[in-house]
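Everything on this sheet refers to the single structure shown next.
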């Protein structure tokens, strides 16, 4: 049993509260164990300069942590006057992942801004952000459908993410909490589609390495875990869930 | 009746949820009407360089809004690489207000970091931040009392804030929501102590001016409104409320 | 008697030298006791992007201190690469105050840039800046009248500012110098119009508080002091003074 | 055959010129096809503040491109005043990868600064950087061995990197050049040790996804390609190559 | 005759008002024709980190222009968040020039901060800054002599600067005003010592070139002009002038 | 004899490798003794905003050093987030010098971007940059001639640069290496045209001064040295050399 009484292949409890904040077109609070992220999706009626005139949309993401989301208080990035490498890596990942399951040609020259703000952190904030942001984004597209601004849901597949890793005793585990994450030899983030394909695999042996058989075990754990997450997303999305894939 | 069915001298409903986030020493979610602010108080066991060796503590505040706390999405200050004048003004105000009711000599060489993060905005975010931050700060001092790091509550008085203003028809009103705030001729933020004294008065006639009799009416509205807020703070703080003033 | 031999209700000597710098459309050197500020008003024949096409003008202010305007040399804000919170607060205040007495619809799509550069500081730099900037601005509008670019003076009222405060012995005083300011319990900046109305009231009890009767005494001191300042402005402005209010 | 006449499992020609620049402790110019990177390793006799007093060393990397390393000139990051997300991602990757094969406890409180400066780019700059930086780092440790500052080579394993990908016709290929990279559906960077274990796997389906069987094919291509690279590194390093692993 | 009725070898009228600002240890307002610069010298009782423990002093300079010192208003460098290349070039020049005539070993571990703030510009602001800053610096050393902090004046020689240039009709002229400067083919700044030696020669043919005989004529004009400036400096400095050179 | 066995009037060996990098329109690696600089010239088909619509071209330069081009590693300017005063001074000098020998009206609304990246430094990097950048620029114009985008070479004259200086024993020397440069009393950079005229003279007596006879000796040394450099440039440029001056 793990430090929080879970089996190696067991996810932490996941809860997704839709319409959490009133202003955004799509908004959820996602809770994964003790990790809590507000994911907002905003629709802007234009695209960045480099995309204008192509009749396509764009999806971009920003990620931030409240200073005291963590055990120790972190200095605000706005006070430091620059965004850290870690933040940039994460927000590029979130944007890329979401774009991989959306048909950018099907929602006009609009930008979907995804904002993932971690209010409490206990490991897995980037994967929770992707899972939550997917739901917020679908809700936002739901608004465009409602107002008939678009006719069909431009989302092609479900999308969710989780982490897997290898502890120092060589055990492979699913969905690492902060304590596990800081002690693990290997840490891997996996993003998958509802069709069971990979979107991103980012595996890092921080001061350690891993073999191909270990990789396979981790991918299997991730695949099963993500399958469960799709169920939770589907339930939150209700009728909108059925419209995913309708432009394929 | 006002646009949200209130009387001119009526506050919006206020709710303060204590211990909202798990890591900070003090944490609340304050809701004032549709305005929601997470106020966290963190204790650091040292003071800024300019204060070292004096045996005194320090209190400082930071304020931020999630990009989509507002009707229109705002660019993140960390992305812009600088903090706006408005944000600086507000965080200086919050820090100054809290310091005015705390005996800095009574909690050792520690810094209390106050973080006010607005997750949903509908006017009055700076006054809600002060009211909520006061409770978070007292909770944090409660932790120092619990662990016997200090012996007496260094907070001398209650502290709360609200806004008052004058509409274009010359009506004075209490606790402006966003719509009222953007249409008002005069906007005034008032911070007061439990003893009924003023800590800050910031009144601005944006493209308008006001007379001394109008000022008096506004001060009276604020005084009565803040009196009610003290009751809500007192209830949330429970036993800790009774320790306020014990170092006087 | 105060540390510079003044009565509690006595202003320091004020001198305003018009046309101090040759290039700006309006320029004064204002001296208030030992405080000296160069106030320049520049006219630009366009407005910021957010105001274009509305047929209205805009007034904005910047404030700075020479590094050695003060007893200790300060690091230049250009060297630090960012403007301090204090500077931002002051320049927002100056701009807001000036806009409150000008009819923005009456001078076309122009921007008035106000630059207040403190060359020597002894307390009250922000209020001296407002008082001086008002004169510089009227002189600049005078240039537009001369060249017949506008037909009537768009300034509706006189505008001036001063400070009041409460010393630690509870005495209320007018127009604090630096030494008084650093020792005072309460510091309040007041901006008023020629019609005797308030534009801004910013009162702060830094580590102290104040009662309503004290507030009233301070407002009275300020009102009388500002009355005298209007006389000095009027004298410097000569004929232009008579045109103030002609668009009302 | 591919656009540059290679087989799918064929690397581009690789050349590593040691001691390329005279000042650094370790320096190489690595050429992979048309991609050219100067990799310098500098030894500093202290570690960053967060590591002082632990008796351990540190390895950190910086990455940059000359503005005209690419087909279109890029704006210099020093002119923009900030480092892009892409650059940060890459330099974090290089540092992490090198640290995974070095025993940080075996070279004292020293920092190895790795500088990878791309002077000509044709795809695969980050993997070429890792492969070249490894050699530069071993050369730098060679200097410490020569001067008897350390007694044993602290490098535990060989380290090299390459890319693999999937073209739009579903072909898996090894070592993508720029044209292939911009057209590929999937792009994956693999870092491996001389013992055949993985250090990093970063696979991205930009606007595409991939299946587990495709992943396996790519991993196999990478494993074989990297095996060849180790041979080239070994030849350049000469006697130093034999000292790798001696602290294990 | 030139555009302001001067002969080719004639300086503009120069006036130096000592003790212009009250706080700095040395302060002058220098006027050269229509160019006006406040030059302040501040003494700090320590040196920058790279010089500590050597028993030597340091001299450094900063230069700035008020936004409306010029015909067109310039954006403040503090607002832009960075100092321009032109400003950096000038402040490096001023610091270097002053250091060349001071014995840094003769005033202890102190830093002399020179601040040159141009309040009105009509060409020649950098040479006026050097000429004025020299006087401000000597006045500051005078304060150290007065308080017996040092025993002898550490300034070895007089120092002054002027500009020379070549007009498009090939005429060489002394001390260019703004209009001449913008039309000249060649512009050269010369800094000289009281002993008639050169400290700096910076000659630039902006979109033009010059011959050696023209260079000689310009150097002769500069030498004669600077000779006159020394007289003005000497008069302002009074008794302190006689102490220059006493450590040689 | 000097520290590297040269006569006082002897240049270090100079080598210019054309077409060094493949992407830029013009590219050379220039080696002057141990100093190595990659000079790239890029053509952009537009000019900066302030020049649009005038039918003229523009030439601008950027200069940088690899962190370990020097004996001690320097912090990257992109990491510091700002460009140093020294870098700005150098890139302004390079751009100004190149513009002085080109007829900006003869190559359309195009910008020539010059990038000088020092990969190894041993003194004289700015003069090597000018000498190399001139060749890269002519090569780039050669591309425009080849594609018939322009009909005549817009370069009017050859251009090259070197340094001269005075050692502490009063010897005047040509082309200082790093050791000489750091010990010299006077350091002077000279830029000249093929017609033997001066473009820039920048002479600095860092903590020293120089007499007019010394200046003359230095100018003579520079003139002879630069004459030799023109021969090397001419050889590298081949046929293109003959087209220089054809628009005069």
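The first chain written gets the first letter, and so on, giving A, B, C, D, E and F; residue counts start at 1 in each chain.
As a convention for this text, a contact is a pair of C-beta atoms (placed from the backbone, for glycine too) under 8 Å apart; a residue touches a chain by one contact, two chains touch by 3 or more.
Being a predicted model, the structure only gives us computed values, none of them experimental.
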Hopping only between chains that touch, the fewest steps from subunit D to subunit E number 2
Chains touching both subunit A and subunit F: D
Shortest hop count from subunit B to subunit C along touching chains? 1
Roughly how far is subunit E from subunit F, centre to centre by C-alpha average, rounded to an integer in Å? 29
Taking each chain's centre as the mean of its CA atoms, subunit A sits from subunit C at a distance in Å of 51
What is the distance in Å between the mean C-alpha positions of subunit C and subunit D? 60
Return the residues of subunit B touching two or more other chains; collapse runs of consecutive numbers into ranges. 81-83
Successive chains along the ring, subunit A then subunit D then the rest: A, D, F, E, C, B
Where on subunit A is subunit B touching in the complex? 21-24, 27, 34, 38, 40, 42, 44, 62, 64, 66-71, 73, 76-83, 87, 113, 115, 117, 119-120
Once bound in the complex, which stretches of subunit A touch subunit D? 82-86, 88-89, 91-92, 96, 99-100, 104, 157, 188, 193, 195-212, 215, 219
